[in-house]
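What follows is a pair of complexes built around chain A, which joins chain B in one and chain C in the other.
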Partner chain A sequence: MGLGLSHLSRVPARLALGFRMDLAFVLRSPALTIYYLAIDALLIPAVGGATFLLAERLAGIGPWSDWQVLFLLGYATTVEGILSAAFTYNVSHISRRIGRGQFDHLLVQPQPLWLTLATEGFAPISGGAALVTGIAIMSWAWTGLGLPLTLAWTGAFAVNLLSSVCVVLATMFLWSVVAFWAPVAGEEISMNVHDALGSLGTFPLDGIGGAIGIGLVTVFPAGLVAWMPVRALAGVSADPWGFLLTPAAAVLMFVVAVPTFARGLRRYRQTGSSRYSTFGHRR
Partner chain B sequence: MNGEPAVVLTGVWKSYRQRERGSTPSEVIARLFRPRFRTIDALRGIDLTIGSGEVVAVAGPNGAGKSTTVKLLSGLLAPDRGTVRALGCDPVRDRVRFVARTGVCFGQRTELWWDHPVASSFDWKRVVWNIERQDYDRSLAVLTELLGLADIWRTPARELSLGQKMRADLALALLPEPELVLLDEPTLGLDVLAKRQVLEFCRAINQARGVTIVVTSHDLTDLEALASRIVMVHKGEVAFDGPFSELRATPGTGRRLRLRTDGLRPVLAGARFLETRDGAHEFSYDPSVTSLPALLAEAEAQVAVVDVETHRPPIDDVIAGLYEQWRTS
Partner chain C sequence: MKASPIEIVRSLRRYRETVWLASSGAAGDGFYSVLRYAIRFVRLLVLLSVWEVVFASRDLAGVAALGTVQTYTLVAGAFGTFLDARTDLGEAIWDGRIATWFVAPVPVFGHAIAVMMGRWIPSFGAFTLPVLLAAPWIGVDARPASLVAGMLFVPSLACSVTIGLAVDLLLASLMVATGWSVWDMQRLRTAFGTLLTGAVIPLAFFPWGLGAILAWTPLAAMASAPLRIYTGDGDAWNLMAGQVVWVVVMGGASIAIWSRMRERLVGYGG
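Let's turn to the complex of A and B:
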């Protein structure tokens, strides 16, 4: 049972399909979609609103200027935006699919599981509000900070952004493995992990040392959602290796998450799912 | 239909471990520290071969192992022991290759995209299953005609009735023209008309394309209408494997005799009394043991017989009788 990398060429067709279906969905009820997108655009960055207001009031937080805090907020919102645009339909909330017995639907598709997971949740329009808001906030902060638009910085930014997405996904998938063993108790675990990462991820975590500080970049890597990469990207830290920390952590987490999830999947193949609910399936 | 079997199960065992929960607070706390488990053998060394182009019904009482069998065949479960081969593949190890040639349809587990019209789900299937456009058009035309999809084509899945949803799901499973179709309770919850459509469609697709169909259902009348062979699973073992006619001929599942008399019920030594309904007395008898003329002579010697009717018992009654025999044995 190989990785099926020969299926890579099928990714564009899958993404085009997701785009087509999402566009049709949006065009069928434009008023509802606008309402939905507006709520998303306001609520997702609001998670970090308190941090930003505090930074404004205090003219920064610790070593962070208010513009850097704004960049942090925009970055975290963009990470969230990518997740909601590319991994919707409970692909990122995979514990729901496992816990509700909906994983069977993935296994009857004639393509490697990675291809299904990478493409099935692609809904760039209905899920794109946070992405647009995040990019807008980042662009505003980027102008305020006067950051360079060099090839090196842009490359580092893109790699770090994708790494942060990878970290969040890997963390959600890692915790979701619990649902293979405890489908009822674990059904909503990815949602809880996501909420905790989202709310902690918008804080500048400087000054938090000891076990908690280490824990927030390892066991529960909220610090890698935005804080660690933005320290390097927005010039808070002068560490020349700072750009590499999040990508390195993402690779490590990916390496841990894949076999752990595969172990859970082997368990699923042994025991199956004793429950099934249509709730949330392909909606 | 070629000579190679579509499905071969050899010595397949499948067990589940179930945790026994406490019912009182003290028991619950005690079992937190000393959990107890029991092992349920869903399948106990099953051997089963299904030829290419066959339509086989898998039946059995609740918990007999029917769904486990279908899940093993569809690659969703791996056997604990033994081997499962379907279409020459191991459904778990060769999952991608295998499911590309298999159609799976679980009753009340829709593959349709909920907020999209039925047409979108078919477009999704075409892309994910990598179906060539001309093959898609040809297959869709056949399915649309056989299952009457035209009237629901632009309706969102969430607005479909149960029967319409099942029709669309069946068509979706058949769209890639699979060689093997696995149907788990496909008529569950359907009304008479919807059931008939589903069954007629399955028959038509089997005859037209030689598709191998494995179907489970609690509705034995449906199964008899569709399948030529029935595999009865009981306590994880194959209790019967053969044609329906042979099942009907098993001891204790003979013919029925209905006697309308002047009111009195005769006592027949060669038949078993079942019930009296609307003034008619119903008996069960085994024609290989007792002849009908002998029974009638015995009855007329006791009462005035007004009307006589004989018939085969409904297949549900045959199976219920078997289940009862198994339960008490």
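Let's turn to the complex of A and C:
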């Protein structure tokens, strides 16, 4: 069985369906949706609040000016916003589905798995508040920094942003493989990884060297969530190749994550979830 | 009839098995526990490094000394679980477990506190103690500013836990009153609680005079006060007095509100 890339043309239809379902959800209870959106818009950027307050008080952190730190926070919020708008319903928190034995629901669908994973979590309205907030913060910082709006910069920005999203997703999928072998212990692992990436991803990580520094851009790539791409985009680093580091890392992460996840999936196809006993009780 | 202190202590025995079960359950998470502690440790190292970068690039002689701030950060990280005391009450309301808690022969919130304390035991042994012991190797002086500061830290931490539990009870009451989800309550507390309590950055580093205002609030009494006492920043007795006031106010208010809200509670789910 191939990858089923011929199904690529079905992606827009699937996303449109996700949009319609999300719209129906919103219209069914507008008050509840406004409440959810307001909570998201406030709380997701608040994760990086400490960094912002510190930067505001000290007119920056290390080589970062306060505007650059604000751009960093806006970028990190936008990455989080894309994840919550496009990969919700536990698609990004895939270890939960694996650990609970719910991966079967994805496998029985009459379409390739990648198509389901790429489109099922699309909820741009109910999950879009953080995205709007992130873009607003970035725009404010972008004005303050006087960054250029050239084709090259915009292209680099878009590629880096998507790369950061890929890195976070790849990392969560990579760690979620644990749940194929240890469904109970690994069920919430993607949540833990996500929280740690989110909280560490809003700090300027300059000056952190050694094993921790390397780990933060490889095994546990919190540095790729926002720090490394924004160093290049906001002019903190003068390295002309800085724009390419995060996309390159995203490709590497993808190359590692896909076969590793596939290996876990092979086991799942053979054994299913060991989370439930033969009597149906949850272990 | 009032219970004597001995009777109160004896009554605590009712929670012994709950504490033990919660403790062994949390320790039995295996890999998950290790990962959780590893993430917390890396986060702590990152915060300590950020302070080094901040002090190396700015003249902060009038604000604080690097050593003091690093001790503050280390102790905040090591005792993070205790400075942000929270029970499972909200989750129990959300998933319906609360219904079984009400039929247990112990007070509902007492049961929730027992579970919380049980989970603290492995956290203290596997994270708090190792971090304090490893402090010299990561270049931080973990000792309190003085013997008195070290001794006062213990009751101050107890006050902090009590205020944290009061906040927990108030948020649970808010859930009952509004029907808001437990996830939003948790995020609300995580986002603003850890940010505005001074658990991540000392209030002295807040802009716009915000730290001076927050110092008068129960938020500061939750983390900033015990950490300032430990590091010898400010008058320890004044800080303690402020905490005691908030324990009385928040404790009284939360119990009164919860007593009303628990009657409106509807348990379902599973």
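For the reader, a short list of remarks on this structure follows.
Methods note: the second predicted complex is superposed on the first by the 273 of 283 C-alpha atoms of A that agree within 3 Å, B and C clash if a C-alpha of one lies under 4 Å from a C-alpha of the other, contacts with A are read in each partner's own complex, and residues count from 1 in each chain.
By our rule, a contact is a pair of C-beta atoms (placed from the backbone, for glycine too) under 8 Å apart; a residue touches a chain by one contact, two chains touch by 3 or more.
Owing to the predicted nature of the structure, the values given are computational and were not obtained by experimental measurement.
Look at A:G4: by the touch rule set out above, it reaches chain B but stays clear of chain C.
Of the two partner chains placed by superposition, only chain C is touched by A:G186; chain B is not. In the superposition on chain A, A:Q270 contacts chain B only, with no contact to chain C.
Of the two partner chains placed by the overlay, only chain B lies in contact with A:M21; chain C stays clear of it. With both complexes placed on chain A, chain A has more residues touched by C than by the other of chain B and chain C. By the touch criterion defined above, A:D104 lies against chain B but remains apart from chain C after alignment on the C-alpha atoms of chain A.
By the touch criterion defined above, A:P112 lies against chain B but remains apart from chain C after alignment on the C-alpha atoms of chain A. Against chain A, the residues of chain B that register as touching in their complex are 16-17, 68, 71, 74-78, 80, 92-97, 99-100, 102, 104, 106, 108-116, 120, 123-124, 127-130. Residue ranges on chain A touching chain C, taken from their complex, read 35-36, 39, 42-43, 46-47, 49-50, 53-54, 56-58, 60-63, 178, 182, 185-186, 188-189, 192, 195-196, 199-200, 203-208, 212, 215-216, 220, 222. Contact residues on chain C toward chain A in their complex (touch as defined above): 29-32, 35-36, 39, 42-43, 45-47, 49-50, 52-54, 56-58, 60, 180, 184, 187-188, 191-192, 194-195, 200-201, 205-208, 210.
Taken in their complex, chain A has these residues touching chain B: 1, 4, 10, 13-14, 17, 20-21, 24-25, 104-105, 107-112, 269-272, 276, 278, 281-283.
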